[in-house]
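Letters are used for the chains, namely A, B, C and D, taken in the order the chains are written, and counting of residues starts over at 1 for each.
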Amino acid sequence: MVTVNDYPLSETAWCPGCGNFGIRLALRDALVELGLAPHQILLVSGVGQAAKLPMYMSGNSFTGLHGRSLPAAQAFKLVNPALKIFVFGGDGDGYAEGGNHLLHAIRRNVDLTYIVHNNQVFGLTKGQASPTSLTGYVGGITPQGTRMPGFNPIPFAISMDIGFVARSFSGDKDHLVAMIKAASKYNGFALIDVLQPCVTFNKVNTYKWYKDRVYYLPDDYDPTDKELAFRKSQEFGERIPLGIIYQSNRPAYTTAIDNPTDDPVAFRPHNPADFTFLNKENEI
Amino acid sequence: MVTVNDYPLSETAWCPGCGNFGIRLALRDALVELGLAPHQILLVSGVGQAAKLPMYMSGNSFTGLHGRSLPAAQAFKLVNPALKIFVFGGDGDGYAEGGNHLLHAIRRNVDLTYIVHNNQVFGLTKGQASPTSLTGYVGGITPQGTRMPGFNPIPFAISMDIGFVARSFSGDKDHLVAMIKAASKYNGFALIDVLQPCVTFNKVNTYKWYKDRVYYLPDDYDPTDKELAFRKSQEFGERIPLGIIYQSNRPAYTTAIDNPTDDPVAFRPHNPADFTFLNKENEI
Amino acid sequence: MDLTIVVGGAAGQGLRSIGLALVKAGAKAGFHVFATQDYMSRIRGGHNFFRIRFSEDEIFTTNQDCHLVVALDHDSVEFHKNDLDRGGLILCDPKDVQANSEKIFYVPFGDLAIEHGGHKIMANSVALGAVWGLLGGEIDDIYSLLEDTWETKGTDVVEKNKSSALAGFEHAIKNKPKDFELKFKKISTTHEKRLVVDGSTAIGMGAIAAGCRFLSAYPMTPSTGITEYIASHQNSCNIIVEQAEDEIAALIMGIGAANAGARSLVPTSGGGFSLMVEGLGLAGITETPIVIVNMQRPGPATGLPTRTEQSDLLFAIHAHQGEFPRLVMAPHSPEEAFSTIVRAFNMADFYQIPVIVLGDQYLADSLKTTTSFDFNSVKIDRGKLLDEEEANSLGGDYKRHLLTEDGISPRVFPGRSRAIFATTGDEHDESGNIIEEADLRIAQHEKRLKKLESLRQNSRKPLEYGAKNASIALISWGSTYGAVKEAVDLINKKGSIAKMIHFIDIYPLNPDTVIEAIGGYKERIAIEGNATAQFAKLIKSETGIGMTKYVLRYDGRPITPEYIIDNIKEGGNLPW
Amino acid sequence: MDLTIVVGGAAGQGLRSIGLALVKAGAKAGFHVFATQDYMSRIRGGHNFFRIRFSEDEIFTTNQDCHLVVALDHDSVEFHKNDLDRGGLILCDPKDVQANSEKIFYVPFGDLAIEHGGHKIMANSVALGAVWGLLGGEIDDIYSLLEDTWETKGTDVVEKNKSSALAGFEHAIKNKPKDFELKFKKISTTHEKRLVVDGSTAIGMGAIAAGCRFLSAYPMTPSTGITEYIASHQNSCNIIVEQAEDEIAALIMGIGAANAGARSLVPTSGGGFSLMVEGLGLAGITETPIVIVNMQRPGPATGLPTRTEQSDLLFAIHAHQGEFPRLVMAPHSPEEAFSTIVRAFNMADFYQIPVIVLGDQYLADSLKTTTSFDFNSVKIDRGKLLDEEEANSLGGDYKRHLLTEDGISPRVFPGRSRAIFATTGDEHDESGNIIEEADLRIAQHEKRLKKLESLRQNSRKPLEYGAKNASIALISWGSTYGAVKEAVDLINKKGSIAKMIHFIDIYPLNPDTVIEAIGGYKERIAIEGNATAQFAKLIKSETGIGMTKYVLRYDGRPITPEYIIDNIKEGGNLPW
């Protein structure tokens, strides 16, 4: 049986009080509750404060380039569908540098859980505005405030009929655990946008700011109702809903070849001689 | 006065019957009706069959890299707001290679008209599936058919509260002229997704296929109603609505510095000596 | 016998079918065939052509000869009439082309097709027959070819094509000019089966032979042929083929799949490779075995998309910030491409590095006759892998970047054992944790760079061809091989003074071998399909040895033997 | 007098404030100051430090000395105690640090701050005062500094800081060990105003002086300082600063703005530069003047994000498929950076090419005293521009890529006249139409490459320093200048045998000048902050001249004079 002892928590380079700690704890608890052992999972990430998470957890991990976690994660899954894959990154990583990959990962719908640590700021590079920074946010490159609206990933995801999209808050571990478990159980691409205070740089979107605004979607909320979901998803102001906002349960992407979990294409034995038949097509 | 004679049509490398011809004609007529002379406009494009359009038109032009038209176009506009800019490209150019730029161009809302020649296929590279190809579309890299849903740019754009988004059809010049004119008049980022038959490679989404499906939004359709627009925008099957699907009239992006049309920052006289004051900040 | 037929026409006129048929017919007749394709970056119209060369000896290059032109439109007459050798003819349909030249030989392709085949579409077979008739070939070769080609469409189609071909054949024999002297001598075919393949297909076949299990790509001419070949064989060959949203994703996907355990291939061309530069270094620091094929075309930027050049060499060697080992190879023929790709996969796995194979449009699209590929003798070396038991026993103590004598750490694949796999694009310790300490950095950096020295030692020696005691060395790499070889022959006809020294392994070079190979010549002539003599620069930077002359080409067209001969002129320095 | 103070602590402890204050205090006291920052890729915690060197002579480098350590935490004591020169001391607050060493000199920073300044936050001023007291400095320098710093916060704040500083100052004088011998000699300050600037600021100031009107960037250490400096001056300096969604967009935006008519700057670091490679070639083929600043850090991939290296040199030179002219320069100090950037803009406009300026983290973050920058003598050369009248008269006949003697075509800016501007990333004719003809391709390709030869001719000669008839040449480029200069001095103390030959213009090199500069030495020693001696390779590929020794550093730390002296050992070849 998997226990919390399988996931010891190592020292981090995060600031004391950072919202990332809450995400790490929730992830650990979700993994334990899902009964997943470190060697069964793969943690994939990009570059940023959020993206360091795999360094501070047990489990297989691949920490790649800024903004490029999703293509790697999808390919890992395609060639070895037995892996349970969780992907991590910041709002800069996922929504700025990695925007195109997110767009197409949503379309492709490979079975992954993608957790965005959305602190509405570029943390690791010291406080520049990110796509999710709200209009007027003052960062190093935008000393007079950004002049764009904050990017809201939820309606974006819904517009492409994502299979599963949720919003959670690093300040509420139980909620986040529940979201991670639900996302992981959905067989397809699941996005969780997690509100994560950056106590060092983001002096606007603080713990208090989030706490004052977040609320839970009621039990009778129907996440399969797309129009309702689209409407709800746009709330990001005085009130911010948490929960599974939309769930279409689109079937997961599979490759054009049969590639079962117990016989992944990547590991089938190979004998070059078996392919002599290819000569035939070009023989005269 | 600007007349069609200002826009002579040159020989093209397009296939006879290609939908691109209709777009070119509509553009010419729209430019004439808008009273824009070739030296006042700038045509920006990427790479692909669609992206060759500036080659076959009069007017200033910048034909750049595959997928990279929008960053160039936005910068042209920012430093010289007097330019009237029209951007062209295919569905591969705009929605595959260029996806991240589109996402952020919508957020940024620089005053441009972006026309996507959506033939649901990679034309210039000979028929591979594009993001807008419908599930099952057989292309060179997907001989068993694509396994992703076709990308629909309209709900995508609405989800980010685009200022102006329309759909038109290269087979209906009058409609397309009207859309180009409306887009050009909107002061902000306007996207027109134009259905454009590729007679050589796309044997599924033919002139007939489109003609059988397209219809015009009724006069009483209210494009400022976002939820209605979101619902409408998802029709892309038996019926495909044409017209201005959503219009939020968000104010156009401007830079943090005052940069009027008649005195663009780029062309203000420069005297290095004026900046001696910068030494002050670092003096001891 | 060395004979060249050009088939010219607009895109969309089906000249590829006629071209292919002639290639195969020549092969059936026992010749060695080499054919190039010259096409524009457009789908319809313009001027495209196929150059097909038949020879009694094995050939690896196109040349400048032209004996027959099949002109499908008027432009083709204009384009090629001045290339015609004395005694050559231009075949065309009087309905398509009205030209005023004594070289024109009219064959009513269309009318004969309708008359004998029932439809204009049979015109290709008429043309085929006419060429064969003119050259004194045997109609049986054509028949056998048409049977192979149309078999699946039923006997009616086969027969109609045959009648059409026969009509063209007989028309040609009956009407050919008295003074037309070109003649076939059919070669008695050996019993060995032969192939007609282009470079793209050969690369695809090589990758399959090597056990490639994942390919990701974004379409880009002239690399798409490789991707499409493999895509069309994915089911029978156990290969997952993913069309990526862009080239950045394509390479990163390949890196993911490779770390998961699949041999991965990423084909692209220069512009796509540019977008992969960041990912390349990720493969470098994570020690990921991956094969990237860059099919070069003339740059910069979009350049000339459907043409050929060898101008990405120094870029391929130096792409990415920082320093890490890589291997760059450049095959020159379909058969060499087949084995180079296999070697690329083995070297990638052995050294756990990215391997870049440089091809070009000329290699990709040129068809050549060759003996069948020998899949049986393909050897697979997956390098240092821990078996499941070893991996399980290590568990959380497994170190992906273990420091070892040779710099190579044993691999495991995540999820395939209880070993925990961890790596990162940041500098790391042996276990794959991010570090910043100077000593740990030095240890890992030197571990990686150590492989470079071993790669150098294992670098393949250049191929040599020509006169024993030559004083002139023609130094080349990649797809120019055939042209250089024939240029050497042409030079040596007038006195045995020239030798070809041709490189397949490009980087890292072994300075000792290079000095040994090129050091002793009075003249060293770089032959390259670029404007700045990139390989010559590389040689000089590794050995200090410069060239004495340069034959360069950068108009997007392939280097031919005649081009080399014409351009060997005086002059030491490059103009820029 | 040559004295080094280290301030060490965890990120977030405010060591930058103390460090900066010490730098300025040293400058006030009339010294030449050079200070480096060593920080980890994290926001809080870890171990960071500031090394501040005061000297009577102008200095361009950090070194290995260490006379005083201000330790803000226990780790700092551990890290630096062994670096201390004999007689040095470690200053720390007994409440923060409990260490057992006779080198410790306790100063109750916190308590004195509360007592004399009313708040713990004044501890920095206490520390400052204590250092000054120990060294026998004058409290007036500190006072004047505190006045400058806190002026805007009101007299109360100024006074509290002063009292705190005085408390530290007096504490130090009273309690300093008897045998403590280090002593200040204040230098009588010249009347000329001086600056304290780091490389980032100097680059930003240079760009403003050059008339930069557009900057686009995506944040990346260590280039962000440049972007943020310019962003904070955008209004007063007429510069549009755009934060792009990624580096691809950043460069393409810069290219757009440049073609519109704005001088454009794109700062980045290696990883971002990797993503710009495709755009770089677009600038090349469209002949777009643009300045890219690549602030290098150790690679590959994410590598060591906050540290320094010189390993992108060959990458910068060869990035992108195909061939086109570019200019690569590497300044080595704030003052050189200021003028290099101006020259970069002028050369970009003159040749209509991309110019790459290579800096690194060491240059970016090192502070130096310097005379004020001379904005008055900055010359602007925008190259060949048509005036409105000329442009109007051409109208639709204007040719953006007109063939000219020198390969440079006159520019117009779209929409600024009736001239029609057209260009493309495909190969084109003079008017900017896509073409495929061989002759048109050759004409445009040669037009572009012709500029390379002219660039070569105009390449700046290397800086030379050292003994007249030296037999040893230390060959360097970029930020190692100061270290090499002092290493030469150290060597020459024992006999005048060494000379520095330092390059700022890196590519294209002029082989004749290089041979002249380095050809005559018995020993040629490459000094580079990378593992493969990239500049040495470039020199060899251009001149055939190899090095006899290598001093390389690739642990992310800057090269110091002592590092050079310690590492000049035998050995010709590189290990890889």
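Convention: a residue touches a chain if its C-beta (ideal position, glycine included) is under 8 Å from a C-beta of that chain, and two chains touch if they have at least 3 such contacts.
Computed from a prediction, not measured in an experiment: that's the story for all the values here.
Visitor: Could you tell me which chains make contact with subunit C and subunit D both?
Guide: The common neighbours are A, B.
Visitor: For the interfaces B-C and A-C, which has the higher count of C-beta pairs in contact?
Guide: A-C
Visitor: Roughly how far is subunit A from subunit D, centre to centre by C-alpha average, rounded to an integer in Å?
Guide: Roughly 37 Å, centre to centre.
Visitor: Counting only Cα atoms for the centres, state how far subunit A is from subunit B in Å.
Guide: Measuring from centre to centre gives 31 Å for this pair.
Visitor: From the mean C-alpha coordinate of subunit A to that of subunit C, what's the distance rounded to whole Å?
Guide: 41
Visitor: Any chance you could list the residues of subunit C touching two or more other chains?
Guide: In subunit C, residues 40-41, 234-235, 241, 245-246, 248, 271, 278, 282, 286, 301-302, 424-426, 434 touch at least two other chains, as defined above.
Visitor: Of all residues in subunit A, which are in touch with two or more distinct other chains?
Guide: Residues 47, 65, 96-97, 99-100, 103-104, 131, 142-144, 255-256 of subunit A each touch two or more of the other chains.
Visitor: Testing understanding: with touching defined as stated, what is the shape of the graph linking the protein chains, line, ring, star, complete or other?
Guide: Topology of the interface graph: complete, with all chain pairs in contact.
Visitor: Which bits of subunit D are touching subunit B when the two form their complex?
Guide: The touching residues are 24, 27-28, 148, 193-197, 201, 205, 208-211, 213-214, 216, 233-242, 244-246, 248-250, 252-257, 259-262, 264, 278-279, 282, 286, 369, 372-373, 375-376, 378, 380, 395-396, 413-426, 432-434.
Visitor: Using the touch definition up top, name the residues of subunit C that touch subunit D in the complex.
Guide: Where subunit C meets subunit D, its residues are 40-41, 248, 269-271, 273-275, 277-278, 281-282, 284-286, 296-307, 309, 311-312, 314-315, 317-325, 424-427, 434, 436, 438-439, 441-442, 445-446, 449-450, 452-453, 456, 530-532, 537-538, 540-542, 544-546, 554-557, 575-576.
Visitor: Please output the residues of subunit B touching subunit C within their complex, sorted ascending.
Guide: 13-16, 47, 49, 65-67, 96-97, 99, 122-126, 128-129, 131, 139-144, 146, 200-201
Visitor: Looking at the complex, which residues from subunit A come into contact with subunit B?
Guide: Subunit A residues touching subunit B: 96-100, 103-104, 107-109, 131, 142-144, 147-149, 151-152, 155-156, 158-161, 227, 230-231, 250, 253-256.
Visitor: Which of the residues in subunit B come into contact with subunit D in the complex?
Guide: Result: residues 38-40, 42, 44, 47, 52, 54-55, 58-65, 68, 70-76, 78-80, 82-83, 100-101, 103-104, 255-257, 259, 265-268, 270, 272-279, 282-284 of subunit B touch subunit D.
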